[in-house]
Structure formats: structure tokens, C-alpha cells
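Once you've had a glance at the structure underneath, I'll fire off some questions.
Per-chain residue numbering starts at 1, and chain names A, B and C are given in the order in which the chains are listed.
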């Protein structure tokens, strides 16, 4: 079973939206090596036809899980300017890393009236992507790191693979920046296997209603609204599962669920994930108990939904 | 023919976006009972495969009518907070109703700096939907009520069924809150029957250019722009019809027409509907003459377009 | 080969989003007459089934070029009001032209606190489209005119046809105002010919990083982000081509590329085009050298990509 060391490993991988190629290849390698230990051998779909997305199909699927592989970050522009990818919540002095044709890059940022610049001594090749330097801390029941959103969602999905019998697992791209992969992926999953239920394996926000250590959050809505008959069914199963959970009701925020909703297919979706503090900073923070509840809840739901 | 009592009946039904299940079942029941009196027996498509949407197919269709079943409203959040569904134009003291596991709910709202809260003495189960308490008034040539947008569009579509020979009638969900059903519905209608013309049976706004009692509004554009060759054809038929109409030109607002435009199918669309005052309040107000013109115009267009 | 006179000719044609019918017919006529001189005879797709879009298919295509035919402009509303189509950057005194049932229209605009009105002595039929009066100037290495965005992209695409062996050329509608045609067009091109690479033949902005006379701009991102592996491949080919180019990195702006990204098909896209000053005014201005580089770069890429 993928353990905390494996989580450390994927937290070290960069993969800004649009630039998921290397991380996707890493996940494919892992899957191809690891799957012999899984209860059921999935069919694995990847490669140019899928761009950098990955689809694993187990048994006779009824439900698809989406976990996005990309992270927020920045694109180098001209001079020392940086353009955001997704919505980084960046602060003066945050350290960014990346690589261009001239080599490894590590620099600090200055934020002035919304404009972000870096202090790297040489110019960075325009179009190069940078993201937070990683610094993982596990202590006092928490994990703190950059990229928890959504490396934890990916970790959850890979844990799920260990004993999944029926289901589809999708590792998607572009979620943090406008989306665009899920329309194809949903089409593929629906047309090939008729799957009509989706779960979004992603990380949400700690708020006044969703707190650390109180279980995985089941989101009844964010900016978009899943169908009530579906989330009611999930809540009933969650209650039966005995796994700690809390319900979330928000008016803002989005996920791959939005694109499932907007797709040409009638597929129900629900966002389920642990909550984090310090969203889109280098020190996102999640309760290990909530992460454990997330994994247990997904295992229960994939078996019973 | 469905009369004013039937209109009263559907105005009493709640159905906030995402929570149209009960209202959809009511419409299906009505259709299945009523259709024996219709000139042509339609094929009726509904059920889980269609989520809560309904498709009626009459004869050899050339045109599809979309009428959305959902209404604006609110989702209960934590404490006594409410999150809007769609864009309710709510005022202090407006009365909301709904139901959760603990029973019937009726409460008043307070609006403070954009934050909406309720005064229900007990907590409301988070995720519960509330909407305006209904109070229908018919007097002086007007109907005033909550949910006229879009119970009148549904009413119009059902009137149309009485003697429709060729056409598709779609009762859709989610229109008030981001959409997401029309991509599937348009795909279904196009791929099965090759329909390339759409009319949007919905309610618009009284403005300086669109007034009560002056006929049904034919919208030449809102935030989105239908193809000019199509609206020109409709205007010509409208002129021939002898039915009172007025043209609308707006820079804002949207409808299911937006999703027809964005779909993967080349389908022309045009919004045609009576205009209302007090949009998205509990006392929306429409001229009965304009409603009558709407019904007559749809009957003419469905026969001649 | 279409020369500068032909460019003058298409600059005189109006075609506000939603109202491309006449310009589309003009392009079809040109294609049907001109194609006998082309190196390869394309299949030509147009007509009601395609609304006002046009598809040319040459040989065994690997790459599709999108060039939008529509322009920004205004719709006449009530009284003397005008509602914008797309994002015109209009100034007091700009001259607009158009035509309604009563005849030719030429008028000046007044801009007051964001509200645009015209001074035409009679009322204009609501729904009538107006756009900038044309005034083409070629001098000092520049072309200055209205509609350069995107008549130059169309011109580029038609130049490309002269000796194109393998590829698809699409002339699209609605790009300036919300889009809606590309989902269908991309579906058609992908499903019929399996094309998975797209180039967006359109005009971008002069900025601090993209200057006149320094070559065609290859956009590494705008509001949306193409896949890095694809733009890297294009940059490598651009380097090999010897054609002058510059790279663009922006955080805003969009194109038909957005809709390729959001489509149900895994198709890479990249925006490549000359840059202009005075965007969406009557006096857009492009370097003739950059236009020439644009044409040369497309010829190279369509052969080698």
C-alpha cells in the first residue's frame, strides 16, 4: 500500500497546469509497476491520445473518481514578471522553483499592488513555469506542504486502487486553470462504460463549518450545485459507513465537478475531500485524521454507491 | 386544455435548481394523463437516464422548445446563513418555505450587507433548499406571483402540446444556476431527430423597450447573440401571425439559449416570452394579454417555422 | 496569389458576430473560384448545416487552422442606444456604418459614462448591427484599418491555401462574442479526420514584450494555457524555420483556442499571429513585415508540424 514515503515522493513533483507531462509519466510508471499487487488488474489508458491524462478502469464500473494532477503556479513573462496559473495566494518572500533551458531556478517573489516579480539573477526563459519550493512537515496530527491540493487527492485515488473491484479512476489535468480535460474524459468514460456517477477527489477549505480533525468534507454545493437526489444518497451511505465526515455548503469555489455538470452527459457528481488551511500557499495544512477519513470514505462509497 | 387552475397548481410547486425531482415527477404525471387528449401522441422520455429532465417528441420535429422547470432560491448553510441559488432579488422580510428531515419550514429573511440569514427558530439541515412562499394574485389584467419565471414558460409549453403536430418540447433543469442540462438535451434531440431550430420559452424583463400589454417579447439578443438570419426569419413569421409582439435588444441576461449556442451542434435559437416586473422577487408580475400572446405566437411558430 | 488588393476587398466587408452570413458567402465564392489555382484541391464544407462557418479539407490533414470571420461592433437598441458586440474600444466621434430595412446608415457615436449612442437622424431598426466605417491606410511599413482583427487572420489562411498539401482550414463565426461555433467545428474536424493539432490564425496585441516589425507572435499563453509540450514543439520548428518571430506571454485575452481547449476532444492549440496597436478601434495597425512573417510561419508549420 502506498505509504507516507510515497506521499512525500509525489509532493516533490512539480506539475503546473498545462505542464503535467512529467508528473503524469511518473504516475503511469507507478501504476504499471504497482498494479500487480492490486486486488483487480485495471485497464490503463494514457499517452498522446489522452494528452497527459490517465484513466484506470477496474471491473464493471458504476462510479468514476476524478483526481487532478496539476498545481497552481506562475508563468515567467518578460523582464522579471510572473503571470499566475490558477489562483496562487502568494506572499512577499515565497520561494519558487522551476527549470528552463539554462538550468535549475530558485528565486523569491515580490508582490507589489498585485504584480508579482522574481529576483532570479538572470532572465528566465519566457513561458517557463515556476511553483512553490516544497517543504513538507508532518507533526501534531497535521501534514503541511505545498501542493497538498491536489497531491492528496491523487494519493487518495491511488490508495483506492489497492483493493478496488469496480470503478474508474481518472487523473486529470488543467483543473486549476480553467479546465478543459474533463469534457473529453467524461465522454470517454461515459461512452465506453456508461458510468453515470462521479466523485471528485480533491481538497477543500477549512471554514466556520468545516474544521480540522472532524472528518472528510462532503460538499453539498460550491459555486455549482450537484443534484440533490445524488448527494442525499451519498449522505445516507456516509452515515452507514461509520467514517467521520462533515458537510460543506459554499457559494463559491469550483472543481472538476463543474465540468462533469457541463458535459454532454447526464452524470451526477459530488466533491468529497479533506479540508485544508492556507489554501494555495506553500504551507497548505491538512489533518492526518481527515486524510485517513477521506481514504476510508472513498473505499466505502466505491463499494456501495 | 390546461386552464388557469392548472397554472395555480404548478405555481404552488417548489423546484430550486438541482432539486427539481418532485416537480419533474409532477409534470411527467400530468403529461402521461393528459396526452390522450392531445392532437398527436408524443413519445415521452424521462427517468434516471435523463436525470430530472423531460423530452416530448411529436411527429416529425423541425423545432425544439426549451422551458426550464427550476426556480431561484437559497441553500441553508451553517447557523442561520443562506447561500443564493441563481440570482434571487431578495428583500428584508421576504418569506421562504421548504422542508428538511425535521419537517416543514417557513421563515423570514434578513439581508445585511449582502449576507442573507433566516429567523427559523431551529437550525435548518445544511443543504436544504428554500424558496419564496407563494402568493398568487390575478387582477386588473395581471398575474402576480413567485416563480412566474419560469412556471409560465412551462405552462406555455404544455398549452402548446394540446394541438402540436411536429416538434420537440423539453422541460429542462438548472437554468437559473449555471446550466448543464442543455448540452445533453441538445445532443439527444439533435442526434435522434436532427432538429436544428430552437425556441426558448422563458420570461424576460419589462424595460424601457418592452412594456406590459404590448405583446410577447421576441429577443434579438441578450448577453448572447442568436444568428441574425434566424431571428429575421422569426420576425417575418411573427409579422405574418398577427399576434401582438415587441422586440427586445439587451446587452445582459442569459437563458437556455446560451447553452444551445455553446453546444456541439449547429442549432439556431431565439428567446421568446412575456415580460415581467419585479424579476426574481416573490411578486413577479406579468400581463395576461402578453401571456396569451406568448401562447398564440408559439402555436403559430411551431406550425410555420 | 491573393494580393494586397484582395486584402483591401475583404477589409471593406462587414460581419459583426452573429451576422456573418454575407461575408461567409463572399469567402465561399472566392474559394470556389480560386481553388483551381491551388496546389491541392480541397473539399469545401459550408451551407445551412454549417451555419455560416466554412471548412476546407486538404489532403491528409494533421493540423487545423482556425480564422474567425466576425468583427466587433454594435447592435442598435431602442431610441438611439447602442449595445456592444464583442469589446469595441470606441471613442466619441467614431463613425459607424450598417444597413437596415430603410437603407444605408452612417452615423457618429457619443460615449457618455460607458453608454454609447448614435446621432443618426432617424431611428435605426432595433437589432441592426453597426460597425466601424472602414479607412485603410498603407504607409511606412504598416497597414492601418478597422477589422484587421481578424481580416488579416482570414487573409493569412487564404494565402496558406495556395500551396497547402495537408491540413484543414476553418473560417469560424462568433469568436468576438462568446464563441459557440468551435465546439461543433472541432467535433466535425476531429471525428471526420482525427486532427489533433490546431493553430489559431488571429491578431494579438502590441505590448512591452511584443513589438512591431519583430516577427509574428507565438503565444505561449493568454487567459488560457496551451499544453507546454505542444508549444515547445512549435517553438523548435519556429526556430528551424528561420522566420522572424517573438514569444508572447499574457495573463488575459482569449481566442478560438479557448474553445478548442474546452471541447470534448484532446486537441492541442496555439495562437500565432501578428500584433496590432489600437486593438478594437477603427485604426488597428499592423506591421507589414509581421504579416509577412505570419504567412511564412504558417506555411512552414503546416508542412512540418
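Throughout what follows, a contact is a pair of C-beta atoms (placed from the backbone, for glycine too) under 8 Å apart; a residue touches a chain by one contact, two chains touch by 3 or more.
The structure displayed is predicted, hence computed values, not measured ones.
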Could you tell me the least number of steps, going only between chains that touch, from chain A to chain C? 1
Tell me the angle, as a multiple of 5 degrees, of the rotation that maps chain A onto chain B over the C-alpha atoms. 120
Using Cα averages as centroids, what's the distance between chain B and chain C in whole Å? 36
For chain B, residues contacting two or more additional chains: 263-264
Touching chain C in the complex, chain A uses residues 17-19, 21, 48-53, 75-79, 83-85, 126-127, 129, 174, 177-181, 183-184, 187, 263-264
As the complex stands, chain C meets chain A at residues 196, 208-209, 220-221, 223-229, 231, 247, 249-251, 258, 261-266, 268
